[in-house]
């Protein structure tokens, strides 16, 4: 089977231990992630061939980040070296009424300062049949937005399937243009998009009652190239207790997954990324769209119960969860 | 603004890691606290000027304890040095049906063996407008009770506002007198008191249904100098799940806060202290008594979700919780 | 009082830290257990004299395992040395929808390769009045099954009371015979047995509604030597939330304990073993069978809230839980 | 073989991690020791039957301390319960020019407040043939000095062999008498004593060049009951580098061990105690006094290379070191 | 006594645990430092009043950094808030032949992007009598160089004593000018300077044999305002073994300290800073220049034996080391 | 360039933390290694293409082991799955006079129970030009010895260069034949062999003074296919202090490297493997045999200063050490 390409910023994550606050922390746990790298890592564990494309500085922290990707089976050989620094973020896990906190330290990163022609997409897209990107990359800098546009053009020319995740982080968009100015022209290329829609509040506890069909139809009208609209719904009872489900719409039917009741949250970072990874895998390997959304929801539920940015789970583990919703011991 | 004085014993706390029992523990986490020090640390983080007054031995463990207070901005320059030992306690966190356990090792401490005239209150109370004490101090020894009495007299003479927290720990009162013999004469000085009342069982799960007005009136009659009665209500579903709210009574109206449902407890030690600290801050900075009690309850809810004796939170974080009761991620 | 003998395999357990997955783990926590060793450790902490009998290799890991038993007061002097290796298992704690995982690495262990005449039961059973075994031992190898049979014969000859725990682990039974071929002849010796019955599904959330009397009568008919049938019922809401209760049947009455709602599971491994240990203790020390089952259920609830294979609790702590079902702080 | 009795204070030790200073430490490692408990633990690991006698409070920290002794095989059943607190000390390991630091917090301990008739020595000395004590015990309080005197009398009456370790800690002797007033009458009972002598400076780097014969003769003259004088010599190049050797004198010959060059110190606490334990074991099991002192020096060298108060080593490991002075890998 | 001002960048340091390499590290230790902050922290622990001046972003990582300074007693109230990010560095400790590695990630920091008029030196220098700066600050950016120049002018106008540490890090100087272009005009203001001189190779193992008088005279000629030239000499036998000593020259005599043989290095970062801090303290408190250099060398030797950027030691500990060069246990 | 194949057992290593003994360890560090896997990991980090061939069971511990190899860039796709268990060993680091201890638990491993025809060498050797094996593999079982023989035959047929490391572990050879019976026929295939010779004691502190030429000539005569004989010399001053150097002989000249003085050992496991890896790299990339042996000695010196089985170093770091023998800080 051909390979999947994901493109975005590679981030080092420094998390506090257990439920410590940053102000209490004399040690930090080091993980690596970033939305598109997370998708790559999860897909590689599902058995797909994946290339992750980014730009990183040459130092031992980067080397550790690449080792982290390589251990999951992601190919890192086409990553560019250059620039000053790896993007970082500091993460303090919330508990019940105490919100999780993220301190981003990703400005001036090697990725943000990429040159728009730096990547040789012709080499990268050889043997590829899928390209995944997110709205975080064009948020980083004009050069990142331009590079994304070029990548999407090249991918479309080659008939590569394109999935995009809106992944809105308003406070990242500060290079001069707003997301509403840039995203539409990029989303035009998508075959599959994880959307945002003004009438869908995915953080409501009863999000699954939304009229996804109506919203989906409006989005398909706006983006006629798109064949599949994706929503994830998170009911935030507290920082420790969420519900989680997914919905997809193919222009005809709305498919909504089982709603998982995540009563003891372990780590919600990367939850949406793990959903997208599992969705891509499922679309490539299963016909039944209901099963596809169940697979994506189950896989990403496991992510919420796993520390770090990366969803550490196999296809078999996802299938077992779909079969058996309670967490029995296995011995 | 003038400064706040808190007075009491400084304690080292040795806690087991996670949910380990003491009998399993080969490592212990070191924190520092004590009811009055906790109030000081929290007030300093809210931006108040605070002096903590105590008596401590001269050694590196004490030095670490003082560093812990200083990092939060508490002034420690008026603490007395002398005596043999720092009070300690060992703490094993409970889980669901397994109760938390505290082993006190504070007898013969430098604080307990203070001389009643040792502290120069005239120096300490200069530039102060608030004095906070708790019922733990007079419980420690006759000298501590006498010193507290002297402090209260001096404070009253200077027109300093006085808040007192009954903070009953029956097994500490073993120097010859019972709390019912000593506390009334000390409470007479209080402008604000966190009370205990025979008809109010604050550990009932429906504590907020109590007749706080009736109880408050009885207390105000007994302590005519007092203007404000304070109650905290803890509904103990299990060691891992409590509800928490506060109530204040000013002789006219009962103000009860939102009842927080703390479904995944992190550390309840210092919960009452954090309530008192936030109450003092709020009384100094807000007019509306309903907001005052909401501020105190929200702040102390955050304490229950933070490890250690000290409430690590800012005014802004408390205000955010008051606005938004669920713990969303912030990035 | 005379001593209790338990017999089985001693296991080293390597667990991941917190909620880490094995694939994420660069450190593992070392504990020691095994069903019968767990029963011994718990009984010794309750104040009983207990000998644990097993076969172990001669090396420092074994030495550490024996130190672990000795610290609880278990006598290890009659353990045999020999063979190649200590049985091991790797344990990854589940969370909510993510199941716990056990990787057994106990084949070819010193215990499994025991010679059937290796143990001098006459020496061991001197001064003993109780023998406890489980269905795990005959599952390990033919020699283990034979040794168990010999032990049961010797115990019966001496009038020693015998308790057996079916403890079915189907994937351990792979030396040629199935548990249905071997267990009946071993269970014939039991005075007390923790049973399995085709009509009792103890993992149902409403398990306590089963007809334990009918099932118990059928078992007593099949095993006429038996006087007491034991069931534990686990309602698995998720890997983090179980209910737990016990039921015993003496041929006349069914005694079912309080059903504990374990909302935040710490470690369920050894839950059944701690129930059996507490049951044995209670049968030796209390008359009232209702209190016996309450004691066993309360003790084993504490095990679910304690890390490791061993139930670290005292008789006093169990009694306090029976009295007071919520987990208040004790100071 | 008959059993050995050691008597003294059981201490909890809280050490900083690695080379951290107390002022930097947010976690502390918990070990248990005390000079006489250390001797007991080491002897039990050598295979001797040992009883440790002390007085301790009833709480879970004590329970952990007893578990620590029991894991090594020390019998703790004759330890008295009573009093307020377990003696503690805080330990900061030195490095090169930075000295190790000990903060004692052992005043008012259960041991120090023992009643002089509290211990039933007749029961304890049954089946015993050796009694070991140190000069730390009489330093703690008058009651401790009196109890030691009574124990020595009782032991002498029963013909039990007595070993005593001067173990001078000047700052512990503050109950009213100095060590020079109390120690001589206690030392009169000793068959073997680890001595101090005004002309022997055991911390000199060339200590082994002392005239041990002359010093020993003077001591034997002063204590005619004594048969063996023991010296340990520590050459302190730095906190990280010491030399270590032992010398014994039987009134005829001086036997000095190999001088070990401990170039990378791990933990010197308990070094002298491990020497005494190994000496006692060797005197009971070997004839050749040169081998006895070699055994004691080798064993205690291993202690300097092992963390904690306790010497974790077997007879076989000591013998291997005597044979082979370099530390090759064993596989 | 009046206060001391130090000015420079505050850095977060993320170090690997023990001797792990960055590529192996899943956890990092968090400390805070920077050359001038280190000088401030050490001086505060010696009992001096110190203000640290810098510019930092507003987030919880900064807050933790300020807490770290405040715990030592440094006043942080005049630090400016603004800009994007706190400077960071990653530190991997070397061992013997494996060099220590530093990855700087301090570009675009809040300090580097300071406006040259941002600091109100008139307020800061009130009640100050000493100003300390290093060559790292002008290396960061033109604005930093300009700000340093302004500060030096203002300090000189007020008659404040000025000490400067050349502290050359060639790879930091990349904003357009080289250190040889900028440093001379800044050094003109210094009363005391820690110098570099082409003929003095301070990393030679026999550095103390240099002709410090000749070099010093040349420097005093070039910088006529200067009264004292400071050199530190490090003999690098390996990453684990250095020698360390200091030399000062007052235009008349060369004073060289004892040469410390640091056979087991703990952490050399901040070694030079701790020397400068102790030198400043000693110049303010002692007359004898030989004692001054001994004090500075002894204090900074302790820094090499203490983890983190900060020298955690008291005046008393330094004096004890001057008296007694070996690291005996203190109890 | 073509790829390198290494073949052997993959081992999980459980090491005690710091200098703890196994008997003290409640946590163990998990690493993965095995002689041939170590060679593969090091070569991959030097930039070579490497395949590691082995047989492993299917479980998450294995998966973690493979992730460990993949992170360094080793290809694991040709590893066979099957059998019961992964080989393990427990490692306790020695200190000075206390020897390191290894407890092997590798019997009955998936590798030991391989079928001799299980591996398809024709596929594996495609695109390969180098095969590396060690004497550990034929020691494990007859099947392993047979498989090694087949591999060597196949490699020789294809003209693949063969390097073998005698790597004698006498206590592993217990399947019926001794190493002297099996090794000679396997060594016949070697182009390069790391030898043992009766007259060369490589653990002598003056090993480099041996007559390597005479020994080498005898070995070349016995194994005429061989072109290069390799020796490593370890001078064991203590478990914490070794010297280390290498010698190669090509039938004409003896090339001996610089002798490294490893005064503070971090981890000597894998020292020989890292030498072989670096030697293979150097033989493929450099002409000068003196440089080859310097490269191998320098690289493996870094391994002794790095925790774990794997040599975490790059070509650049090795070259820097060859240039500069002391470990200066790099910033």
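Quick notes on this one:
Letters A, B, C, D, E and F mark the chains in the order given here, with residues in each chain numbered from 1 onward.
Going forward, a residue touches a chain if its C-beta (ideal position, glycine included) is under 8 Å from a C-beta of that chain, and two chains touch if they have at least 3 such contacts.
Labels paired with UniProt names: A, B, C, D, E, F = Sugar kinase.
Source: prediction; values computed, not measured.
Chains touching both chain B (Sugar kinase) and chain E (Sugar kinase): A, D. Of the two chain pairs considered here, A-F and B-C, the higher C-beta contact count falls to B-C. Comparing the centres of all chains, each the average of its CA atoms, the largest separation from chain F (Sugar kinase) belongs to B.
At the interface between chain D (Sugar kinase) and chain F (Sugar kinase), two copies of one sequence, fewer than half of the residue numbers in use are shared by both copies. Averaging C-alpha coordinates per chain places the centre of chain A (Sugar kinase) 45 Å away from that of chain C (Sugar kinase).
Centre to centre, using the average C-alpha position, chain A (Sugar kinase) and chain D (Sugar kinase) are separated by 62 Å.
Under the contact definition stated at the top, the residues of chain F (Sugar kinase) that touch 2 or more other chains are 18, 21, 23, 26, 67, 101, 264.
Chain contacts here follow an irregular pattern that is not a line, a ring, a star or a complete set. Interfaces, counted as pairs of touching chains, are A-B, A-C, A-E, A-F, B-C, B-D, B-E, C-D, C-F, D-E, D-F, E-F. Within the complex formed with chain F (Sugar kinase), the chain D (Sugar kinase) residues making contact are 18, 260, 262-264, 266, 298, 301-302, 305-308, 312, 317, 320-321, 325-331.
In the complex of the two chains, the chain E (Sugar kinase) residues touching chain B (Sugar kinase) come out as 67-68, 70-73. Against chain C (Sugar kinase), in their complex, chain B (Sugar kinase) makes its touches with residues 18-21, 23-24, 94-102, 104, 169, 171, 203, 236-241, 264, 268-269. Interface residues of chain E (Sugar kinase) facing chain A (Sugar kinase) in the complex, by the touch rule stated above, are 14, 21-23, 25-31, 59-61, 63-64, 67, 84-86, 88, 90, 92, 101, 103, 105, 107-108.
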